[in-house]
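Paired with chain B in one complex and with chain C in the other, chain A is shared by the two complexes that follow.
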Partner chain A sequence: MEYIRHLFNPILLFGALGTMAILSLVFKENRFYRVFEHVFLGLALGYDLEFTWTTILRPLFWDAMVRDGQWAWVMTVPVGLMFYGIYTQRFTWMSRVVFGIFFGLNAGAVFQDFAGRVVPQVTKSFLPSKSLIPPPPIPGDPHALLHQISFVLNNFLFLGIVVSVLVYFLFAFEQKNKAVLRTAQIGRWVLMFAFGAIFGSTIMTRMALLIDRMYFIFHDWLRLVKG
Partner chain B sequence: MNTNQWNRLQTIDRRVIYAILLVVILIPLFFPITLPTFPSKQSRNFYDTIEKIAKDSPDKIVIVDGWWSPSTRGENQWQAQAIITHLMMRHLHFAILSFDTQNNTVTQSQIVEPLAKKYGYVYGKDYVNWGFRPLAAFVPVAKGLVIDIPGTIKKDYKGTPITQFPVMKGIKTRSDVGALIEITPSASAEGWLGMFEKNNSPPFLFAPTAVMAPTYYPYLDTGQMAGMLTGIKGAGDYEGLLGTHSFGSRAAGALSLVYALIIALIVLGNIGYYATRAASRKEDR
Partner chain C sequence: MQHASENWWVSGLVILLSLIIVGKVLLAQRGRVPFIRRISGLNAIDEAVGRATEMGRPVMMVPGISGLDVVTLQALSIFSYIARAVARFGNKSIIPTIDPIVTGVAEETLQDAYADAGRPELYDSGDVRYLTGQQFAFASGVAGIIVREKVAASFLFGAFFAESLIFAEVGQQVGAIQVAGTTETNQIPFFIAACDYVIIGDEFYAASAYLSRDPTLLGSIVGQDYCKLLLLAIIFLGLIGVSLLNVPFLAHSSLFSHPLHWVVDLLKVK
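On to the complex of A and B.
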């Protein structure tokens, strides 16, 4: 009896039905799927709206005005409405003003982002020529020779890949020289390896999500899987 | 065999493939397969960084930022669970921050509260929930945390001023942060690296879904990231390092079988392709 009650627990039942409905699409487009697709979309949107109002807009904007008397916040309403000027020819200029301000703010932030995030990568890619000379072995390391070889091999590969990919993206002139062509070809190959790794990881994510859903159905809901 | 017979290998009904896939996933769930696990270097570095903070700077606060929602719980929830378990095991203070509306509730109610009961963590004394911030406010929040944490966050998720909590005592700027942990299904690391981090301080620890991970390996090489947990594999690695075997470890067996199936199907499809071509040439002759 307890198990039956558990099976019909509304939250678990809804989760299980939703999972089966969404997965049913892989066999065929059907109404069961459509219903739950709309339910999910509606739930997510409704939740977002409610949560944003409750945690951001009401305490920081509405309460600040109505409860604390900070009526200056009301000035943000016409500024926000200026965004909608984009929908009429007459008031488009209004939207341009606020868009311009936001673009300016973001453009400033992008400089900092570039300096903090990209520049270290560029500077670290300038490996000195000594990077191809193995470091002295660590005392007591039983695999010292192997580590030294892998150090040199890794750095050699790194340099080779950076150069070949950069050459592949040299579109400023026609690549006629055989050495340039070959290097660019290697660059294309290593790019394909990278894309393959990304695709493989995509499959890993999709499968992990499916395994989790099956775990939910057979462990959390049906309780057929133990542990 | 003639062309049509070989061609069947390339035209297996997708429903048959899905049915086999389902069986392959279910077998290790019913009969757990224990595979030897070898934590990746980036998972171990993630673990070692937390251990180092617990040893060298236990008074600092760790920020656990989440951008994930239940749609990627298959990877992110188990990563978050393993990471927060580690923080609690070492009794490190931490703050939850979310840039996704669903994330804050899920992290608080599904992960932190059950673990807090287990490890005796008290809200406000050992950890705090800084609440949700809209994505549009990311840049001001990230930049604000650098110089003025209480002034940027102001209140917790229930509206209580954060300065009232003992856990926030002495936490003023970025230098009071032990590590920034980012659990995410999107490219959110870039914003933190550009706007918050300076010379890899505090250590930035990243837990993305597997699909996002390859893009971020260069950041590990440059040292901009101290460690990374790659999807469910990373969660499994971490559970192994902690000795708390949960879903992450269990999913590793299913994932390995699924990979074997996919590789077998790719091989079959290719055999079908080449054999069809050879049979077709033979028939033409």
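On to the complex of A and C.
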């Protein structure tokens, strides 16, 4: 009896049915999936509204005005309303002003992003550890020659990969020259190797997520497995 | 984050690269329109739209799951081209969105594209659908649209994350021809596995220039190519510098080591 009561625990039952409904799409689109898809969308939308109110609108807008007397925030209302201009022919220009400001802000942020993301990658390409000539061997190292060879090979491989991938992403000319074509082909192969590695590791993560859901169904809900 | 102001060399480099791009854009606008090579995945767009029309099923375009940023704008620019092709064929487009602001821009993009193609009457405001702001709820909504509407062509361009495979797999399930492109390196393998055509990395940024043949965009892409070559030259210069420092004769000679150290120190980001 206790087991039956446990199976019909509303929270566990809802979680289990939701999991099975969403996973059922793997076989075929069905009404069970459709119901839970819309429940999921509704819940997410409700969550979004609540999240926006509790983390943005109430503390930064409403409380700032009503509690702290910063009534200047009321000026943001007409700016926000300008977005809705998109729905009328007459006031579309208003929405374009706001969108234009957003575009400008984003375009400006790209420069900072470039300096922060790309330039360190460039400079890290020629750290002393990337030298093409090996450093002097460590005295007493029995495998000094092997270490030096592997150091050089590793760095030449690194340089080759950087050059070939960069050449693959050049668009200003047709890659007809044999040397350029071969380099670009190597770049594509290297990219595919990297994508394969990413694919494998991400699939492992996805399996972990699936196992977590199965654990919920078979352990937490059905109690068919122990541990 | 590394700020440009922390190192004058970085600021100088950003300014130099920007000037190269702006210079190429200005030259292109004055009539010296540059050439960019073929991007094979993009040639499939017209084929996919044509096939969808023959089958009498709609075309779906997903602009990723980020807000209104450069990647999403780029995606919408590609969608503008696709929507014009869809309108010419007299077919229907569906754009599900995760961000309210992107929804507004997508509506305008679609409306303009239909008007440009001379078929403004085909535009339906219900074709751009804001679903929710939550990643996996959005994924389930898009999956539902794909199977219910039986989309015949699916275009996934923008910033995608863990939901990428859900979209691509469900599209595959209904037999849609799929073209995808993203700048998110971790998601490209999933698109390669499940989509018919994938444009990778920088090809995504070159896509709208390739499709529109707009001199400004073409100039920008070619300018970026020059920037890549310049960065490659800097990498070579730095590598030669750090390599020569490992040559005992040069490392201990003040004539060589001082300038070499100066070059290596100059290029290093603090």
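What we mean here is this: the second predicted complex is superposed on the first by the 191 of 227 C-alpha atoms of A that agree within 3 Å, B and C clash if a C-alpha of one lies under 4 Å from a C-alpha of the other, contacts with A are read in each partner's own complex, and residues count from 1 in each chain.
Rule of thumb we're sticking to: contacts are C-beta pairs under 8 Å (C-beta built on N, C-alpha and C of every residue); 3 or more make two chains touch, one makes a residue touch a chain.
The model shown is predicted, which means the values in this text are computed figures rather than measured ones.
Student: Which touches a greater number of chain A residues, chain B or chain C?
Tutor: Result: the larger residue contact count on chain A belongs to C.
Student: Once the shared chain is lined up, is A:174 touching chain B (first), chain C (second), both, or neither of them?
Tutor: second
Student: Classify the contacts of A:86 with the two partner chains as first (chain B alone), second (chain C alone), both, or neither.
Tutor: second
Student: Examine A:191 and indicate which partner it touches, taking first as chain B and second as chain C; both and neither are also allowed.
Tutor: A:191 sits against chain C, while chain B stays out of touch.
Student: Kindly classify A:33 by the partners it touches after superposition: chain B alone (first), chain C alone (second), both, or neither?
Tutor: So A:33 only meets chain C here.
Student: Taking the superposition on A as described, I'd like to know which of chain B and chain C A:153 touches: first, second, both or neither.
Tutor: neither
Student: Based on the superposed arrangement, let me know which partner A:212 touches: chain B (first), chain C (second), both, or neither?
Tutor: After superposing on A, A:212 lies in contact with chain B but is clear of chain C.
Student: Between chain B and chain C, whom does A:74 touch in the aligned arrangement: first, second, both, or neither?
Tutor: Neither partner.
Student: Could you look at A:133 and tell me whether it touches chain B, chain C, both or neither (first, second, both, neither)?
Tutor: second
Student: So, A:7: does it touch chain B (first), chain C (second), both, or neither?
Tutor: neither
Student: Overlap the chain B and chain C contact sets on chain A and report the shared residues.
Tutor: 44, 47-48, 106, 112, 114-116, 120, 194, 198, 202
Student: Could you list, by residue number, the parts of chain A that touch chain C in their complex?
Tutor: Residues 22, 25, 29, 33-34, 36-37, 40-41, 43-45, 47-48, 83, 86, 92, 95, 99, 102-103, 106-107, 110-112, 114-116, 118-120, 122-123, 125-128, 130-136, 159, 162-163, 166, 169-175, 191-192, 194-196, 198-199, 202, 206.
Student: Show which residues of chain B lie in contact with chain A when the two form their complex.
Tutor: Within the complex, chain B contacts chain A at residues 14-15, 18, 21-22, 25-26, 29-30, 32, 72-75, 77, 101-102, 104-105, 131-134, 139, 143, 155, 157, 159, 190-191, 193-195, 197-198, 209-215, 218-219, 221-224, 230-233, 247, 250-251, 254-255, 258, 262.
Student: Quick one: in the complex, what on chain C touches chain A?
Tutor: 1-4, 10-11, 13-14, 17-18, 34-39, 68-70, 73, 101, 104-105, 107-108, 131-134, 136-138, 140-141, 143-144, 147-148, 165, 170, 185-186, 188-190, 192-193, 200-203, 206, 210, 221-222, 225-226, 228-229, 231-232, 234-235, 237-248, 264, 267-269
Student: Taking the touch rule as given, give the residues of chain A at its contact with chain B in the complex, in rising order.
Tutor: Counting only chain A, the residues touching chain B are 26-27, 44, 47-48, 51-52, 55-56, 59, 105-106, 109, 112-117, 120-121, 124, 194, 197-198, 201-205, 207-215, 218-219, 224-225, 227.
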